[in-house]
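Same chain, two partners: chain A is paired with chain B first, then with chain C.
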Partner chain A sequence: MILKKSKITQGQLMFFVIQSQVGVGILSLPNKLQATAKGGAWISSLIAGLAVQVIILILWALCRRFPSDTIYSFLPKITGNFLGKLLGFAYIVYFLFSVSTILSFFADVVGKWVLQTTPRWALLILTLFTCAYLAKENLRVIARLFVISSFTIIVIVILSLFGYAHTNITYIFPIMEAGWGEIIKASNAALFPLVGYEVILVIYPFVEGKSIGKLKAASLGSLVIILLYTFEVFTSLIIFSPEVMPVISEPLLYMLKGFSFQIIQRIDLIFLSLWIFIISTATVSWLYMATTGLGHFFHRGEHKKAVPYAVFIVFILAMIAQDPAITDLYDRMIKIFHYTFVIGLPLILLIFSYLLRKRGA
Partner chain B sequence: MKRICFSSTFIFVFLLLTGCWDQDLLKDARLIYGGGFDLEPNGKILSTFVIRDVPVSEQQSPKNELIYTVGNTPREARHKADNQISRNIRTYRNRILIIGEELAKQDVHQLLDVFYRDPKSPFNARIGVAEGKAKDILSLKKVGNVLIAEEIDELINSKEKTTTVPKVTIETIFPVMMDPGEDFVLPYIMKKGKRVDVSNSAMFHKYQFTGTLNPDESTMYLLLKDEKGKMATLTKKISIEKDQKKVYNFMTFNVEKSKRRMKVLIQPDDQITVRLDLKLKVSVLEFPKDLLDDKKRVARLNQILSKEMTDLANKTLKKMQKARCDGLGIGRQLIAFHPDTWKKQKEDWGSNYQKVHFVPKIQVEIIKKGIIM
Partner chain C sequence: MMDLFRKLFSNKRAEKSSYINVFPSLQKNKEYIQNQLFHSSDLKWRSIRFNQLSGLIVFFESLSDQQRIQNEIIRPLEEKKEGNVDAIIASVDIAKKSDLSQLPQSLVQGNCVLLFEGTAEAYIVGMAAENKRNIVEPENEGAIRGAHDGFIEHLITNLYLVRKRIENPSLVVRYYQVGKATKTKLALLYMQNLANPDLVEEVDQRLGSIVMDTTISPGFIAEMIEDNPSSLFPQILFTERPDRAVAHLMEGRVVILSDGDATAQILPVTFFAFYQSPDDYHSRWIVGSFIRLLRLVSFIIASLVPALYIAIIGFHPEILPVNLIFTVKSSIDKVPFPPILEALLMQITLEVLREAGVRLPSRVGQTIGIVGGLVIGESVVRAGLISYPMVIVVALTAISSFVAPSNEISTATRILGFPLMILAAMFGLIGIMFGILFILIHLCKLESFGTAYFAPVMPLRIKDLKDTFTRFPIWSLNQRPHDPHPKRVNQERYSRGWVHDDPEKE
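Moving on, here comes the complex of A and B:
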């Protein structure tokens, strides 16, 4: 069933997880975490990372039982045909919705920081076209590009090191100002920007090798991202005093805005351009997840045919989310979706499949 | 069918490529190189913009043009200036922002709001307080052959290197300004005849300008803050023997290395004591009075200098306390390491800061004396 040319290696799986995870969250995460956890925000993101590892373990345990099925094909095997298909659709909706949330946030940030007079539709169309062009390819091609584009993460780290020119370490003290309760509460908020690892639900069967190796690859990928996020949160915390943080929604961009070299006046624009690259890879990953589902249901496994209309749906959804009120609604919805589809449902499915002793061939 | 499809996509893409919504060509822009804000008697803000005109031919030298407008906010004033000048005013090359003394006594944070809000604002521009009016300083237009904005910018730049004024930009004061536990200090720009003088510093408490430090005090403050630039030269009176009437009774020295230790101690009765230990290794630049060949004499000089410098530190800290300027971030230390004390004190930190007991102890050691003994 699975073509040889769409198989990917475990290393590629790692980069796939990395690229799906780094997304819009990285810019606003420090601000969100600091609001509740104060100086302990960086601990929150570490705790969130721990939680993510547990979730990855659940997802992996579920996928391991059906080594040659994607989520769309193993759902009916656990819950029965009708319910399985219904849940499959729900997952597609979740994935498409996630893409549009990412894109609408992306359009917001780019519209705010760089292209202020460019209309939103232009930003969205240009991004979606590029993404669709990649998303319609087979998995191997996508994975290869993800491996290459992961180098941007290194550049992003180097760029944020410039921020260390003016730091004040005392800004994070007292670390326990908010208390453990708040820190854990904040780590809950950090779970949302870390989503993307659920990509293993879809690409698990395409990965070569033993299942334990796949777990390692996925965990390693998410570990890299958690360290990156923690680093960025920490950097923002020691650059901006606790009173400034609530005012700045994108601390990472803000801290780079003031630096300039002889040739480049605004580093934040360079950062943003790299970030656009990262956003598009995340978008492609989510689009791929959704279109694989659509392809499974409507096009006999050819996800390519589903790309055009999936892109159209995403475009419409992202266009609707212009008003802050609607963006808020999207935010709330995506959180609920995330808990149900990434944590709740997989856990229930896993328990069921154990109880009913359901296994893939 | 396929061909039609292809060509229509082609045309569509070309339509998208015709231009960019956000293009902002340099030929349509008038660049602001410096700006000044003053308070008008009626409460409005008088803005001065230094606009650079790049001449068409290369033989002519660039000229500055000044525009004065009055508005309720800096942005309104800028829009008014835009009405008086062809093409669009653009601020992203702005290098220096000067705030008039009277306006600085109001609220700097509200004044600077537009700089923090606008993504295209000149975030790394230097900022300073003018003695009197910013307008008067910028109205010099040229100092010698150098245009005013460059002159001030480069002057501040060189004064940062000699540890005379703090190294600040609009960006770096933002986190400090918002922090209740720390205050910032800006260069104080004065007009001396047809020239500009940058050697003093302007102290702030919260968002308000509250006093100035003279050049020596300003250097001392920076040493105490552990922000020594490349050089830090001071001239101190040396009175070993009783013949104090002599003219050349001074020593000029440069601080080569400076090591600071700051310790905030809390007594049980909530009295805050700050111990500041500063070890300075200095090189003698000028000391006409005596030779430095005798070890004993050098030791004696070290002692005298240490005392002089400790006195200067005491004077500086007194002045800062009087101005309520917590430039060393004592409050910051309390927030971070003594949160309970801070909770009790934060309500009225300005006046509580004045009760802080500073114990500066400065040790000077002469390590170089030039090429003669």
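Moving on, here comes the complex of A and C:
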């Protein structure tokens, strides 16, 4: 049923999870967390990471029961045909919505930092065109590129290490200034930048090997990302004083803008250029999830055919989200979607499938 | 669809009606052959008597070796007068045919046909003349050290060059005939114990399925069999160096040689094979690694530098230090064109110069040097049309692109620069990054004969990286590259036997 050509290895699964998870959040996360958790912001991101691991466990337990089905094909098996298809569509909407949120944020940041006069549509078309070129390929090709583009993460870490020349560790004290309650509240906010691990709902059946290995790979991938995020939050916290933090929305970029090498004066531009790789891979990952669903429902499993119009929908959605009010609306919707589709629903489905003893062949 | 049917049908009919028995009458046979070959003027015949029968020797004077016909056919037959023809003719290649319709074809292949009165059979004796040039070092693929021989236009000689280097019964040669009209001979070479059988079968099938009239350059065959003919990147490595072909054979790849062409085609290859040169293995490994890295860097320079220049000048001059900006800007301010136009003008001029340089005879070639160097380089800046930095950028691009040991990839690199330049002019650094991403995706997608084109980077295989960006010492390369999926990956464990065998060294 699943072609050998579209199988990927567990190592590739790890990079798939990594690339789906790192996205736009990395830029604004320190600012958001610091607003509630103060000096303990880095603890919040660790706690969020812990929560993510638990969610991954739930998703994995669900997928494990249907080892040769994607979410779109096992949903009807649990809930019945009609409801299952409806939920499948809801997932597609969620995925498409996520892509457009990522892209509209990306367009905002690039418009603010690099290309002030370039029209938004031009930038979006360029991004979507490139992403669609990859998203229409089979999983193996996508995974190959994801493995290579993960090297940008190393470069990003190295670039931020330069920031340690101007740190002041006292900025994070007192760590418990906000108290545990606030820290946990902040970790709730940190869950959203970490989304992307739900990719295992779709690609689980395409991964070779035993299910326990898949869990390990997915967890390891998300662990890498959590450590990266925590590192970046921590770095931002000790570089910028608590008074400055609330005013700067993208601390990482400000930090990089501050220092320079002999021949390259604007490190932030280099960072943003590398960041394009990360954004594009995340976009491709989400697009792939959505188009796999569309392909499953409309094109007999050929996700390639769904790519053009999926991209068009994303383009329209991202174009609408120019107004801050609409962006806010998007944000809130994404939060609700996320709770329902990534945490709530899988948990319910899991319980149901246990109770009804439903499992795939 | 109808056409296809008609073709199939007509093919079958033609085959059926084509068989004609050799006539007992000599005159009739002669007439038939003459008619079939349209009374071509270089068709010669000579009558002979043997076993009391009158006979006829027919051959093309342009294709057959007349000296040999005289020594190996005419003289023995005249001397013996009687006996068995097979035993008397002193030639390696002799066959009996009773199908008259096949004779014209064997005549144009340089064979000599022997007919006798009253006999319904013809002897075909291989008497092809061999006019070939000497084995010389290929001009466009020179190496400093190592072998200095190169393939020539004669298939058998080329096979000799390969066989001489691999004296192993596992080396297999398979002949093919491609081109309905030209009947070009191809040879497929592979190591039976190394090459992946699926690969060999796939190549065999694709070569067998080629349908066309004329096959001239190896580019014809390459285009017929490669997976992605519309990609900018070459997927089959062309070489005129036997040592290069042999090295790839021993990695489990397949080589295609064609008669009448000095180029060997190696497949499947990865992108990095185009940046490897036999020279890397003749110098010390540190030197070899350095030079190979240099070549790969030059690929990046050749495709990226003009775009980067345009992006930085047009969008983000602040990325450069202030002093540098002033220097560059002072030169640019006098130029009336935007950087993209400047770059395009200069790049196209460069391409024109290069092409002119290839076509011109070497005696006139110097003129190109003067026109290119002085007029375009110096005057264009003096006249204020192009800025100095742009001339430097374009010159750097050109030189870097010529570093590649394969002409195909060098041209591809320069063409790759154009879309990147346009993206840079539209979106600055962001545009370039998307361009790079697009190229990477494309490279990642490409597969030729089941091998990923950008292996071992995508998919990543760390062990194979040893001989990709760098060249590790040869004794540390104990495994063959994984990309052609060879039958045996391991080559040997300890190449430097003395290091492990010598217990007294402890």
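By definition in this document, the second predicted complex is superposed on the first by the 361 of 361 C-alpha atoms of A that agree within 3 Å, B and C clash if a C-alpha of one lies under 4 Å from a C-alpha of the other, contacts with A are read in each partner's own complex, and residues count from 1 in each chain.
One rule holds for everything that comes next: contacts are C-beta pairs under 8 Å (C-beta built on N, C-alpha and C of every residue); 3 or more make two chains touch, one makes a residue touch a chain.
What you see is a predicted model, and the numbers here were worked out from it, not measured in a lab.
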item	value
Partner chain(s) touched by A:Asn168 [first = chain B, second = chain C, both, neither]	first
Which of chain B and chain C A:Tyr133 touches, first, second, both or neither	second
Touched partner set for A:Glu177, first chain B, second chain C, both or neither	first
Partner chain in contact with A:Phe240 - chain B first, chain C second, else both or neither	first
First, second, both or neither for A:Gln265, with chain B first and chain C second	both
First (chain B), second (chain C), both or neither touched by A:Leu115	both
Which superposed partner A:Val99 touches (first chain B, second chain C, both, neither)	neither
Which of chain B and chain C A:Ser280 touches, first, second, both or neither	second
First (chain B), second (chain C), both or neither touched by A:Lys257	first
Residues of chain A at both interfaces, chain B in one complex, chain C in the other	114-115, 118, 122, 126, 265
Touching residues on chain A, where the partner in the complex is chain B	112-119, 122, 125-126, 166, 168, 170-171, 173-174, 177, 239-244, 247, 257-260, 265
Complex contact set, residues of chain A against chain C	12, 110, 114-115, 118, 122-123, 126-127, 130, 133-134, 137, 141, 143-145, 147-149, 262-266, 269, 272-274, 276-277, 280
Chain A contact footprint on chain B (complex, rising order)	16, 20-22, 92, 116, 119, 123-124, 169-172, 174-176, 178-180, 182, 329, 332-333, 335-337, 339
Of chain C, residues touching chain A in the complex	315-316, 318-321, 324, 423, 426-434, 437-438, 440-442, 444-445, 452, 454, 457-460
